[in-house]
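Next up: the structures, one after another.
You will see two complexes here that share subunit A, one where it goes with subunit B and one where it goes with subunit C.
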Partner chain A sequence: MYHTTTWLLWLLAALLPTMLTRNPFYLIILLLAVAVAYSTIGRSSPMAASWGLLLRVGLSLAAFSALVNPLTVHHGDTVLLTLPRLSLRPGGIILLELGGRITLEALSYGLVNGLSLMAILLIFATFNVLVDHHQLLRSIPAFLYQTGVVISIAIAFVPQMMASLQEVREAQTIRGHRFRGIRDLLPLFMPLLTSGLERAIQLAESMEARGFGGDVSHSHRKQELAYKASIALSLFGLLAGMFWYGYFPAARWVGGSMGAGGLLLLVWTLRAMGRRVGRSRYRREMWRHRDTLVSAVSLLSLAVFTLFWLLGRRALVFYPYPRFTLPTFNPLLGLASLAPVAPVLTTPKKGKAGL
Partner chain B sequence: MPFSAWARADGPSHVGLVVRFGDGSVFTKCVKFDEDQISGLEVLLRSGLNVIYQQSGTGAAVCKIEDDGCDYPSEPCFCQCPGGPTCIYWSYWHLKSGAWEYSPAGASGYPVRDGDVEGWAWGPGTTGSGLEPPVIEFSSICAPPPTATPTHTPTPTAAPTITPTPLPTPRDTPSPTAEPTETPLPTDTPVPSPPAVAFTVHPETITVGECAELRWDVEHAQAVYLDGQGVVGHQAKRVCPEQTQTYELLVVSAVGELRYQVTLNVVDLSPTPVPTDTPTRTAAVQPTDTPQPQTQTPTPTATGVPLTTPTATSVPSTTSLPTATPLPTATRRAIPTATPMPICTPVPVPTLTSLATVIPPTSALVAKPDIGPTAAAAEAQVTGPHHPLPSAVAAPEALGWLAFVGLLVLLVLIYLRWRLGERG
Partner chain C sequence: MIELRNVTYSYPDSEAPVLRDLSLRVEEGEFLLVIGASGAGKSTLLRCLNGLVPHFYGGVFRGEVRVAGHDPVAESPRGMSSLVGFVFQDPEAQFVVDVVEDELAFAMENHNLPQSLMRKRVEEVLDQLDIAPLRGRRISTLSGGEKQRVAIGAVLTLQPKVLVLDEPTSQLDPQAAEEVLTTLQKLNTDLGLTIVLSEHRLERVVQYADRILYLPGGGGPPFIGRPREVLAQVELAPPLARLARALGWEPLPLTIKEGRKLAGRLTCNLQPPTSNLQLPTSNLQPVIDIRNLWFSYDGCEALRGVELTVGRGEFVALMGRNGSGKTTLLKHIVGLLHPQQGRVELWGQDTRRMGTEAIVRRVGYVPQNPNALLFADTLRDELDFTRRSHGLQPGGYDELLRTLGMERHANAYPRDLSAGERQRAALAAILVADPEIILLDEPTRGLDYHQKRALADFLMRMRDGGRTVIIATHDVELVARCADRVVILGEGQVVVDGPAREVMTNSLVFSSQMNKLFRDDRFLTVEDVLEAVER
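Let's turn to the complex of A and B:
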């Protein structure tokens, strides 16, 4: 439907606000925009069933957070009610105190935290529903081809296992097997294990038949060693640079340049390694006009949030303690949080054109 | 140090609080509470100081007290901790048998009981140590009411002055009983550097109902008082007096007390030219290096500043002698005349011999028959919602909400359009 890169940008644009802001207004808009994206263009996807599950998980997480925060945090000026206290204080130090003063501040903060958790979950759920996983895997960089294979097997594993579990259960039911307790698991489990092993062997054979791993142009031992040394060196430079940057604030430029150097070396090495792997594509993804539109909207939203964050976080923060005040609402940021709905607007209607 | 019988008695519990600010000034307060124990953060909050803290799942971290610290959440709570072994933050201490002990727990998790002394210090520290506040015993902070002798035993450590900083917010009106004490300056002061002071009002003339900005920038001072109220060195304040006012800045420094005045002329369209000046005001040359009596009687309605009894510094290593009796509540306007300022007069800059200081009622150095009500008031502020929830909506806020609702409606429309298009 859309290019994988478009979806990745969409994911970034939807996720960044949840990381940068705790303002409930933007979170609500974001959440609803993602929900609209799912319920319009995502509903027909084969993965759609998982969305409802994640929604339920998100709701329960939000409810948990909204309940636990006011019960455990007693600060804030606006006391709603006072409950009997139950405290846990090993060695005289208050570790946990349930009940006591229930404040509006703690309640609102818990609610907002729950909201942001739910938003993150729903964004990933919607992304899962909308994106083509196989295309996503294909966009893994070439030098990571082994990782790509592992991930694609892992992704295929769960649905295949569910399907084969269903088969085994049906077969056993026909034979009169009834599930009553933990002991009855064995007749289900054993066939599942053997079929899984069989599938693994089958996969390995088919991969070998297709020449997996054979395309890597063989390099000299020395060159292989040089790549490894280069990766180790670049990672060391990166870590040492980060450490230096944080620990010696007086000479930041040393750490900064060390880290940047390490990063550059790493990128160069990985690129050089990736060039040795020849990959062919049978079906190329198409970049359509609507991809440009959605990507532009996502980038714009990312830019707005980053700009607000850099220029001063006051517009983004919501911190109710010590006294609750309603957060402000900036229409520009509100519009930027609306970005996840962009694919809905640009997707052509059914029957008109395209997918 | 003997605990006072007052502290042991049944009834409200008391805890001493010592806060050492970045400039070395120290605030002490006896905080009263009715529970058998409260958290350290609660003590700080009930002291009436302006505290900003970061609340997280594991507890609360104190980011800012009054003007020292970090403005969470617009900046990180430990904004002066850029990494590295040491950083500047509010370290938390407990006074255990005459010495400060770095707190083993966070402020929201540490239980404070009757008779404890809590310490906070803004300064460089690591995880496990830091700049210690000066040792001030419980009995010095929470003096028992019957013995009204404010004998303050000075601490040999760090802070040369004990500068109580009363709160800028009007809710923290200090109780009107002040016990002025006269304390000579220690003779062995280190090389004194004269303070650099700039005190201005802009504009200098306003009409009734308008406001002007008072601004002061003071360097090398031990304490700064605006009309008797402790303030920080660099600050601006909006004032809206209804008649011509003279504002006085008292700068206490190592070279003595300096007073600076600015006058804000208020042009009243209705002819009421008589300014209510207290008779003791001397029409002095401004800025005057010769100290003047603390004469100003600011009207609370006009300035927004609660009428306070003069605050002051007490210089340690001396015993303070009370020279005036506590003032009754009703005679607030009489405060200036009752203050001993004229007695312990002018400290010529080179020959400083004595420094007249007045201690605010919130200070530990005060005989306080009124500590109860003060603490109770502070408590009431914390527990009850003293500021109503924002019900009055300002115009820009309303516009923002309108935009929010508009965006939500837009989302619904997008959804409906899709749904209808699907059907049609």
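Let's turn to the complex of A and C:
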């Protein structure tokens, strides 16, 4: 399909608008673009089953936000209706007030917030469906590789545990086991735990017997020490830089360069450490023409939103209080919000020869 | 290729060593079969060859091991991984990634091999093992035999000098086991790979082995020799070898083909045995009545219109490939599953109306995996738990434990028992409620010949006491020994249903060794033949 890097850029380009804007027009365009991307290329993925669930969760979150906001926030001038009031005020301080004045402003703000929550959920859900998890794991840096494998095994463990639990529950049911209290958990929990452990030990043996944890070339103690010192130094640089940046606004460039220097040193050290783990990769991902296209579109969208945020922030803002006004619409931003649909346009149609 | 000198090893927290002063030499290109009672140290010995013992398990290790000139104790399993390929018993639990091709590359990636070399080796292994069509498949979608072949492939990519396999076929049906074993034979003859294999069902493998190592367990001296020499002496022998020994055949036949020549001379003098060939089904009062039973898991049809009636006191064997619906059928009888179509009646009552509690009081079901059952601190607690759950008084099961040969373990922690003992512990935990119908799912996994015979005798006694017994199994010899009736399922349907003698005669897969030898429905077991010879 697409290169993992392409998908990561896609994810960034889709997420950034949800962080920067509350403008409902852009959010709706974004949501639609993501939904189209899912329904045309994501549906055949083996992970597609999770999408429907997340969609439902997203919808209910949005509905919840759209309901709760007007019920609890009573600012705004346009009163739609007035409900009986229910308030919680211990010691005269109003903690929570339900009902009362329901305003158009609060309703619209709740809706927009819900929309943005739903967009974030759906973006991650779609990314989850589209990206190849093993490739994603493989593209993490070598020094984190072992952690990555452990995570992927842990993920695989969950469905296995569910299957075991089912097996154990059946086995205990036919012995006449009934669930009456906390003590009755033991017959379910113990077999589950022990079989999970046995399984883990077997897997560990199998990985060990195939050389996992591999040829970490025995580095010298001095070298080890140098790496540690380098990490400490880079972290110090990073923190000091941030501190400087915040407290001496007159010379921000000093703090900025200290921070950047620390970050660079950290990346370099971790890379050098990663190189010691002698480990090759079987699969090399292919970067196709369409990857360039999709990445370019994502980068462009990122650039447009960042520019607007830096220069003309007002175009992104939607704040309905105190009196509701229709949000503005900028065609360029609207176009940029469409970016997540790019993979759909560049994916070859079925039946045609693949790229 | 492999040399062990005076190896003694004991696991941590155990006084008695598993291996005692073991010395062994295996030549390059040899196929060595390791046999022995369960708990005799087969797995331990195999794990010495790549250093998992003592590196992974700890414990006290003495003596010296050399594999292709390397010392596994010094070099650790990781260091040995390019010399010794290790395949484990459970096809499920040894995979790391989820696609076949990546699994094959996993070991090479760990060894930092260049990509071009990896590609070449993956192609070679896919062809050698005949698994090229599986390359893009997810491992969870493979059958047991395919999984084990992928597991073999995953260690072959490092081009090891020795392939070590710990009971690789014990969880497979006979057809899948055959696939794996012929693959091994090919690797042994074509590539000259040294193979060390442990196995319980000897009738499958003796013909491939160059030599057999017998570990008696309990500190007895090990014995190594040509298959004929070893089978002539050890207790654990397949039916053909037992018959040959009883009749004094020389040289001892290893395959049915060799045995037939000798059997031919015998047949003419044989009298028919006295046991009756008729099924008494018609005059038995039916306890289980299944009508047009359909069931599917998520759209995948497991049972398709099963019809089956079982009478009181019958002993039925349920056979068929993995995935043919045996377990699903048993679960319907015990009320864990309810029919989507059709009905299951016990003693004339529909299981949907009886309620699980009422069923399990009278029907005992021992699942495939005894580990799913056992949780208590002692076997005694385990049995008391079942009795209390059924509203019975605790205790009163000493007789049962004695019959199962488990009285020594009454106060043992069930999880510490060997595979065979755990199986019997689970059996005891179910039978202690004295069910009228006994259902067993694959009861002979990991059992040696003694334990199997003990189990068969015990079940026959239960049947004679008026219980109804149904076992789902691949074990042809067990069925030949104790079942009255055989039901073969295929793709969720009853394909064959008839008296054991009739069904088990002249079948490629479902015939016992004796039946294949004589091609005569009077002879299913060694006892049948010996009885006829004596008269």
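The working rule: the second predicted complex is superposed on the first by the 311 of 355 C-alpha atoms of A that agree within 3 Å, B and C clash if a C-alpha of one lies under 4 Å from a C-alpha of the other, contacts with A are read in each partner's own complex, and residues count from 1 in each chain.
Basically, a contact is a pair of C-beta atoms (placed from the backbone, for glycine too) under 8 Å apart; a residue touches a chain by one contact, two chains touch by 3 or more.
Since the model is a prediction, treat every value here as computed from it, not as a measurement.
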Which superposed partner A:E167 touches (first subunit B, second subunit C, both, neither): second
Touched partner set for A:L307, first subunit B, second subunit C, both or neither: neither
First, second, both or neither for A:L225, with subunit B first and subunit C second: neither
Which superposed partner A:L86 touches (first subunit B, second subunit C, both, neither): neither
Contacts of A:R210 with subunit B and subunit C, given as first, second, both or neither: second
Doubly contacted residues of subunit A, that is, touched by subunit B and again by subunit C: none
Of subunit A, residues touching subunit B in the complex: 25, 28-29, 32-33, 36, 39-40, 72-73, 75, 77-79, 89, 92-95, 104, 106, 109, 245-249, 312-314, 317, 319, 321-326, 328-331, 334-335, 338, 341, 344-345, 349-350
For the subunit B and subunit A complex, residues of the former touching the latter: 39, 41, 45, 51-53, 55, 57, 60, 72-75, 82-85, 104-105, 108-111, 382-387, 389-390, 397, 400-401, 403-404, 407-408, 410-411, 414-415, 418-419, 421-422
List of subunit A residues in touch with subunit C within their complex: 46, 134, 149, 152-153, 156, 164, 167-168, 170-178, 186-187, 189-191, 194-195, 198-199, 202-215, 278-284
Of all residues in subunit C, those that touch subunit A in their complex: 50, 52, 55-56, 77-78, 80-82, 84-86, 88, 90, 92-99, 101-102, 105-115, 118-119, 122, 138, 154-155, 158, 331, 334, 336, 356-357, 360-361, 363-365, 367, 369, 371-376, 385-386, 389-391, 415, 429-430, 433
